[in-house]
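Consider the two complexes below, in which chain A is the common component and chain B and chain C are the respective partners.
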Partner chain A sequence: MVNSVLKVEDLKIEIKLDEGMLTPVRGVSFEVRENETLGLVGESGCGKSLTCKAILGINDKKCKTTGKINFSKDGSEINLLEMKKDSAEIRSIRGKNISMIFQEPMSSFSPLYTIGNQMSEVILLHMTKDKKKAKELAIEALRRVGIANPEKRYNQYPHEFSGGMLQRVLIAMALVCNPNLLIADEPTTALDVTIQAQIIELMKQLQKEYRMAILYITHDLGTVAQICDRVAVMYLGKIVEIGTVHEIFKDPKHPYTKGLLGSVHKIGGNNERLFSIEGTVPLAMNLKDRCSFYDRCVFRDENKCNRPEPCLKEVGKEHSVACWLYESNEPHEKEGI
Partner chain B sequence: MDKWRYIAKRLVLSLFTLLMITFVVFFVIQLPPGDFVDTLVESMVAQGERVTEQEIIQLKAMYGVDRPFIVQYLDWLSGILTGDWGVSYFYNKSVISIIGETLWPTIMISLITLFITYAISIPVAIYTAKHQYQLSDYIFTFLGFVGMAVPHFLLAILLMYLSFKWFGTPLMGLFPEGGIVSWASFLEFLKRLIIPVIVISLSGTCGLIRSIRAQMLDEQERPYVLCTRARGVSEKKLTYKYQMRAVLNPIVAGLGPMIAGIFNGSTITAIVLMLPTQGPVLLKALRAQDVYLSGGILMISAILVVVGTLISDLLLAVLDPRVKYIEESK
Partner chain C sequence: MPETILTVKNVSKVFSSKKVHIRAVNNVSFEVKRGETIGIVGESGCGKTTLGRCIVRAIDATSGEILYLAEDGKVYDLQNIDKKTLRGIRKEVQMIFQDPFASLDPRMTVFDIISEPLRANFKLKRNELEEKVKSIASKVGLNPSYLKRYPHAFSGGQRQRIGIARALVLNPRLIVCDEAVSALDVSVQAQVINLLMDLQKEFKLTYIFISHDLSVVEHISDKVGVMYLGKMVEYAPTEELFRNPLHPYTEALLSAVLIADPTVKNTRIPLEGEIPNPANPPSGCFFHTRCRYCIEKCKTEDVSFVEKKPGHFVACHRADELNLRGIV
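Right after this comes the complex of A and B.
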């Protein structure tokens, strides 16, 4: 049995607005295991970013978060949600045990300080008090992510780097304290396709070296296939399907997953129109008490599906789906898109 | 060496700007119909004297106001460059000496005001930004708007009245009689400084609080703040190392205009409070069409503003690494 690094249980996030209560995350549970990459996939606005920010407790003050986020630190489990906001306790975990890299490398650094200054700040915070040692560690980390001439680069400002280079620096900074878990929030979205592939290769290679767990958030299924071991598909603040990459890509069960996969272009495929899911993600406010994908689902069965939301149910080894269509235990007839 | 090239470039640009300003200043002063002789003749006639056409022409020739504009300008400009700023018609004294009398009080009040403005607005702005939409923020916001809206002279009169009511003496003028000669007279001088500094700095301070607060709030929304927080950096360090530093740029960039505002905006206050600064002298000179005196004073304030801008440019290059980058890539 592989140990889990992070266990999220029934995570709910509520935001009180003037118009009413918004619930962008409505009970999400998953675990990330040692040395594995879990992909969290979904359209914009499905709550995936909020979920991973909740892990570090860096969501906006307006977000009311409930549930459990159990992180195993030095053999014991601690609930990160119980820690006080911005307490020294949670700050000692941020950047040290759990690191995060963000979507836009260009805006992830303060433009007013050198890369070296911002990198050694983290090292001085978590690793050593020795400034000289911190600089050495930072330069070493830069070298490891493939930055040429790291001694010179150390003293440069963010605007002197390209986007891809900055993402490398960000990864170097995230890994410099040897985290157990790396949260990557769409780390390749803002990059060119060729650079994307390089960054993903780099992350895979570094994962091997450091044996860390990665929580990889994206809406790009192409990169999921390249880097993830398991995938959780999120829709409207809930996980609708979770399984190994192989299972999900070969045999997607949830109509939403099928829709997502249908909207990816395949090399060598016929030149038909790409499939697109009708409609948009509705606002997570005043939802009807039935399957939240009901209105957009092409397979919906008026007798079966017009019921309160389904729960995740195992449909195979390491494969669960939350859909009324699979409730009867017999394979559904309508297959293939 | 890049640094020196940048400084040299700024200096040359500043000098060029000043040259342009001399022309504009002289042109604008000459714009109102008539000249000093007309004003002089008018006042002589008003006093019952008789002035003949012949005499007017003689007077005009004497003061040199009958020459074409460009000749007068070049004459004045060469004087400015060589240190001979002409003679004030009105005071019948050299312009340099009149300016000299008022320049130091003016600069001193401006600098003190500038200092007070920053010393109050920066901490208050940070505080209100950190307590956005809380009671204290609303109170400061309300006070800020009142401060911006109250006319200078009205506040000056009000404060003078209060000082008279409470201390028995209206704190007017700046220097005690006999000048600053002893400790007591220095204290008296400091006491007299209070009202002018409050009055002149008030609207600038309130305006600056608003803009720094807005920039702080803006800065809090930047993605890098979230990223830095996610690395375990404390909120205190985020505020003082990152956000404050980012907000410093617009503050420094606003230095030049700020100096101009204090310089030009305090004339009415100076008249009301009888301050020995340049504002009232300039007003008199302009009304009397005293070309050389008003030109001289305007030049001085232009020089100070240009120097202020130059300083803020140079500071900005030190503070913001991107400025150097933009300069280099040009």
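Right after this comes the complex of A and C.
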């Protein structure tokens, strides 16, 4: 059995607004194992970024978070949610055991300090107090991610780097303390195709070297297919399907997953109309007590589906889906997406 | 045979400051037939947006001709045209912008945004205006009862629809779509692409579709132009370009596409280094610094853009001898 690095159980996030209670994350459970990449997929607003921020405890103060986030550190499990916000405890984990790469490399750095200065900050906090040693470590990390001439680059400012290079620096910075878990929030979305492919190869290769777990958030299914081992599909604050990447792409079960896969155009495929999911993601507020995908689902069965929300049920080895249509384990009758 | 609606001939655009001159678009030529969709692809900074902006004359090209066949049957050079005629042409040539969050004025209601082109070009009565805006709004899938709202109340996909409605309200014939779907989620992207294709059929629209997403371009385009460092390096019918690329840069671009199928492993052809500085482009073929097929000739001799096969143009010294890999 492979050790799980992170176990999230029944994570809920609520935000109180003037108009009422917004529940962007409504009970999410998953685990990320050592040396694996779990993809968290969904449209904007499905709660994937909030989930990740909750893991690091960097959500806004307005977010009320409940549930469990168990992280295994040195053999023992600790619940990150029980830690006080910004306490010394969580700060010793954040950036060291768990680190994060953000979407926009350009806005993740301060323009006022050199790359080296910003990288050493992490190292001086977690690894060593020796400034000379910190510089060596930073330069070594830059070399690892394929930055040419790291000694010179160390003293440069973010504006002297291109987007792809800056994303590499960000990865170097995230990996400098050898984290057990890396959270990557759409790290390649803002980049060109060629650079995107480079960054993904780099992450795969670094994972092989360090055996870290990666939680990869994206809405790009091409990236998912190429980097993830397992995939969790999120819709409106819940995981509606989870399974290995091969299962999900070959035999998607949930109508939403089918819809997502159907809306991607494949090169070389025919140029018919793309399948598109009707309507838009509703606001996670005052939801009706039934399957949250009901209104947009093309397979909905009024007798079966107009019931309170379904839970994840296993439909195969390592493959679970939350859909009333699979409740009796009958195969889908209406195929065709 | 449909008529040629747009001919871009040797167009260049140079941005100059005191010290540097950047040739953002460098001697680009191609033709567009009526009802076609032309995809323009390339990495950021390759000049595809600048080219698009030159075509709608949001900026003036430095040299070259942009010949447009107007509805009245006359051909106008958009570069040398008097202001009054240009105003008439502007009704026919419209643009859809990249970022649906930045391209709509937050202080105007959706009705004001969509009706602005009408108000600028025609003197319509209030009820006529309302009727037109409502009909175009429902055409692009916006609920007409939302017209009194401000852009912030809409999601990305809906905002892009507003941008499309604004471009369509004047019944244009040519639309330049600059990364029109790049900022959207896949499912919404599919909706907007379907919408664009439906509208094209209904109104016989011609699109110039600028994007860095090769799979979207393959889906929507009839022909594709590949740009690198301001130059068009390859131009061919879509299927031909994706199956039998003739330029090494196209080959590398195609190999970098991440395929949404875990059983297909990517075999990317690595591109060495970064895009060179456009203020100081390499000698010879601009691509030679990163090309794996580079020979001596490529470093010194300029390369011209020639038709190798019918309809398939390429700028490469070795186009005849190389056997490049496309996407099967």
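The rule is simple: the second predicted complex is superposed on the first by the 337 of 337 C-alpha atoms of A that agree within 3 Å, B and C clash if a C-alpha of one lies under 4 Å from a C-alpha of the other, contacts with A are read in each partner's own complex, and residues count from 1 in each chain.
Quick note on the criterion: contacts are C-beta pairs under 8 Å (C-beta built on N, C-alpha and C of every residue); 3 or more make two chains touch, one makes a residue touch a chain.
Predicted model, so just to flag it, every value in this text is computed and none were measured.
Undergrad: Kindly say whether there is room for both chain B and chain C on chain A in the superposition, answering fit or clash.
TA: Result for chain B and chain C: fit.
Undergrad: After lining up the shared chain so the two structures overlap, which partner does A:122 touch, if you call chain B first and chain C second: first, second, both or neither?
TA: In the superposition, A:122 contacts chain B only.
Undergrad: Who does A:160 touch here: chain B (first), chain C (second), both, or neither?
TA: First partner only, chain B.
Undergrad: Counting residues of chain A touched by each partner, does chain B or chain C come out ahead?
TA: Result: the larger residue contact count on chain A belongs to C.
Undergrad: I'd like to know which partner A:245 touches here: chain B for first, chain C for second, both or neither.
TA: second
Undergrad: Considering only C-alpha centres, what angle arises at chain A between the directions to chain B and chain C, nearest 10 degrees?
TA: Approximately 70 degrees at the chain A centre.
Undergrad: Aligned on chain A, what is the least Cα gap between chain B and chain C? Give it in whole Å.
TA: 6
Undergrad: Counting contacts the way the document defines them, which residues of chain A are shared by the two interfaces, the one with chain B and the one with chain C?
TA: No residue of chain A touches both chain B and chain C.
Undergrad: Touching chain B in the complex: which residues of chain A?
TA: By the definition above, chain A touches chain B via 53, 56, 58, 86, 91-96, 99-100, 102-104, 107-114, 118, 121-122, 125-126, 157, 159-160, 170, 173.
Undergrad: Can you name the residues of chain C that touch chain A in the complex?
TA: 43-44, 155-158, 185-191, 193-194, 197, 212-216, 218-219, 242, 252-253, 256-266, 268, 270-271, 274-275, 327-328
Undergrad: Where on chain A does chain C make contact in their complex?
TA: 43-45, 162-165, 192-198, 200-201, 219-226, 228, 245-246, 249-250, 259-268, 271, 273-277, 280-281
Undergrad: In their shared complex, at which residues does chain B touch chain A?
TA: Residues 222-224, 226-235, 241-242, 245-246, 319-322, 325.
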